Every structure is written in structure tokens, then in C-alpha cells.
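Right after this note come the structures.
Common to both upcoming complexes is subunit A, partnered first by subunit B, then by subunit C.
After this line comes the complex of A and B, so read on.
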């Protein structure tokens, strides 16, 4: 991967969503912000690693879910988020 | 003599595309040194490539964001990808830069940033635009 390949539309959407999350995290308290950033970053990186890049249906589902979660996080009454680790 | 020194002032600043005129002034170099301390006219800041300080600052932030060691060389032409950054890291770098410089980068331009120099040029443009708006 010497030269940067052109990003597909769906990749751009994912990056825009990530940007949106990081922007929204800035508006929260510093400690919560760090936690939100680490949760969001882990989620995006985990999915980038585990999800097959041709699995468009699932990726589009994740994008929709992410957008909905971002809308909720944008609410100023929401101060932070928590995750539950499910044992596999 | 006075008029010569006056026109030399315009080229005293290191500009990437060195004007051929400056060659003829090379004999006056000693005189030119004194003029470097003078404030540079605003119009020259626009055509210059990104400032050295901006590039250095960008390099520092990139290093911090990617957790690179001191032995890794980061310079203006470094590509984020060559430094081991994926597209998510690039988003993080741009967000970090936004915060450090107090600017807001548009979605479309944020995605075209691939090197430290790209970022520095964009930042200089945005900072200049913000200054122009506030003054």
C-alpha cells in the first residue's frame, strides 16, 4: 500500500461517523471524554479488524446503529456512556 | 542604494520559489541581514508554503498521536500512512490538530490530508482565514 487508495463511499461514511463521535466527545466532561474516546475507538478498531470488508449489509447496519447512538450522545443531558463486556 | 535595499526586503524571507531577482542582490547580502528583522508584509505570508513553526508543531502532534519514539523521523513530506497510521489514526490526528490550533476542518478537506505538509498548509490557510475574519 505505497500510495493511498481512494476511499469508498462506505469508508468515508465510517470515518465521518468516527469524526462525529470525537467531536461530540469534546463537549463532555474531560474524564468522561477520555472514556468515550476509548470506548468509541475500541469499537471502530475492533469492527475494522473483525468485520469482512465485503459484508456491506452488516457494515451498513453498524453505520445506522452508530448514527443513532451518536444522536443520543449529542443530547446535552447525556454525560457519558458505558459498555458491557459480553463473555463469548 | 536606498531603493535597492528597499526592493531587496521583499525577497529577504526564505521563499520556496526563489525569484531570479534575488540573485542580482547576492552581493548585498550583508545589507540584507539587517532587513530580516523587519516585519514581513502580510501579502507574502499568503503565497509562502506552510510556516516552519506550523510544520514543527504538526510533527509533534503526529508523533504524540501515533505514540512514535524519538528515534522516528517525522518531517514535512512524511506520509501518515508510512508512519504506520491507518485511516482512523488520520482522523484522530486531524481532530488533535483542530483542537491544538483552534480551527475547524471541513469534512471534505479533512479526507484529502495525507502528509504532514498537507496538514500544515491547510492549517495555515484556516488560521489566516480566521484572522482575516476577526480583524
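After this line comes the complex of A and C, so read on.
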């Protein structure tokens, strides 16, 4: 893991999505921000650990789902994580 | 012509507003005389206010040390995030975002993906004209 030279395209997408969530979390109230960060971080780490890295179909699905959820979270009226917490 | 006719009307209107802001400015100048002097000495320049390299290094080190997964004793200006500090790619995203926040920057994805060590992070911030 430590010295993988370059990130693959799909890895970059996942990291960009993670960055997108963290950026969006910054725009929320501090307490909400912390909750969003901890939920999102747990979700990404859980999937990084549990999902087979060759299972592209499933990873693509997770990326699409994540983008949709990020879209919702970007709405300034949305503060909650109900949709994020409900899954799994 | 029409403009000439409008002028007095506009001036009358404008005159209504300046007075309330003046006492505020005076109060601000009284409590921060140096801030005002500094501002007057170099109006609109962000260049003079640029950070020194030592300051950039110190603050980047501090950001790294405060990340929950990082052992502060291992942090040095040459450290690599993964190899030396044991961070994974998600941690690296968090660290780079924390550096953004510390220096009030927004690093585009393409650049952010390349920053995987302290030397690169320090280089990026030190060369960024808007780092504050």
C-alpha cells in the first residue's frame, strides 16, 4: 500500500468524491460539519476495507450513489444526514 | 443633458450615507492604529504580505501534527505522508484539505492529488500568491 506509485482513475474519482464531501461539510454549521465528516469518513473507510478493489461494477455504483448524495448535501437547506445514515 | 440634470439629485442622495460609516472607521483606526497605517502604506497589495517560508513550514508542520493519525514526533519538513507518517490516501485528502483551510486556499483536485509529502505541500503553499 505504502509505495503504490500512481493513483488509478477510479481511485482518483473516489478521492475527489471524498474531497467534495469534506468541502461541502465546511459550509454547514460546526456541529453538523463534525457529524457529516465522521459519517462520511466511516463510510469511505468501511468501503475501502470491505469492498474488493477489483469489483469495479460495485465501486462504480458506490461512486454514482455518493455523487447523488453529495448533490443533495450541497443544497444549503439540507443539514441532516438521514439519507447518509440510513444505508447499510 | 439628462445626466447633468440628474447630478444634483444623485449627489443629494449619496450625501445621506457617508456619515454613519465615518465614526466606525475612526473607531477602528483608534483601536488598531498600526493596522490602518499598514494598510495605507501598501494599499491593495497582497504581495508584501506574503508569508515567509519559515512561517509556511511551521504552520504546515502544525497541521500535520494535529491530525489524529499522525505521531507528532515523526513530523519533519522532509516527511512523506504514506511512507513516513503511515497515512493512507483518505488521510492524505484530509491533511491536504486541512492545509487548504489553514492557509485559506482552495487547491484544485488535479494539484491536490499530487501532494503526497511535506516538501510538496510546503512548496505549493509557499508559491501560492493567495496563501494567507
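By definition in this document, the second predicted complex is superposed on the first by the 77 of 88 C-alpha atoms of A that agree within 3 Å, B and C clash if a C-alpha of one lies under 4 Å from a C-alpha of the other, contacts with A are read in each partner's own complex, and residues count from 1 in each chain.
Quick note on the criterion: contacts are C-beta pairs under 8 Å (C-beta built on N, C-alpha and C of every residue); 3 or more make two chains touch, one makes a residue touch a chain.
Nothing here was measured: the structure is a model prediction, and the numbers come from that model.
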Partner chain in contact with A:45 - subunit B first, subunit C second, else both or neither: both
Partner chain(s) touched by A:11 [first = subunit B, second = subunit C, both, neither]: both
Partner chain(s) touched by A:19 [first = subunit B, second = subunit C, both, neither]: both
Common interface positions of subunit A, toward subunit B and toward subunit C: 1, 7, 11-12, 15-16, 18-19, 22-23, 26, 41, 44-45, 48
Of subunit A, residues touching subunit B in the complex: 1, 4, 7, 11-12, 15-16, 18-19, 22-23, 26, 41, 44-45, 48
Of all residues in subunit C, those that touch subunit A in their complex: 82-83, 86, 88-90, 93-94, 97, 101, 109, 112-113
Parts of subunit A lying in touch with subunit C, wherever the complex brings them together: 1-3, 7, 11-12, 15-16, 18-19, 22-23, 26, 41, 44-45, 48
Subunit A partner contacts - residues on subunit B that touch it in the complex: 79, 81, 86-88, 91-92, 94-95, 99, 107, 110-111, 114
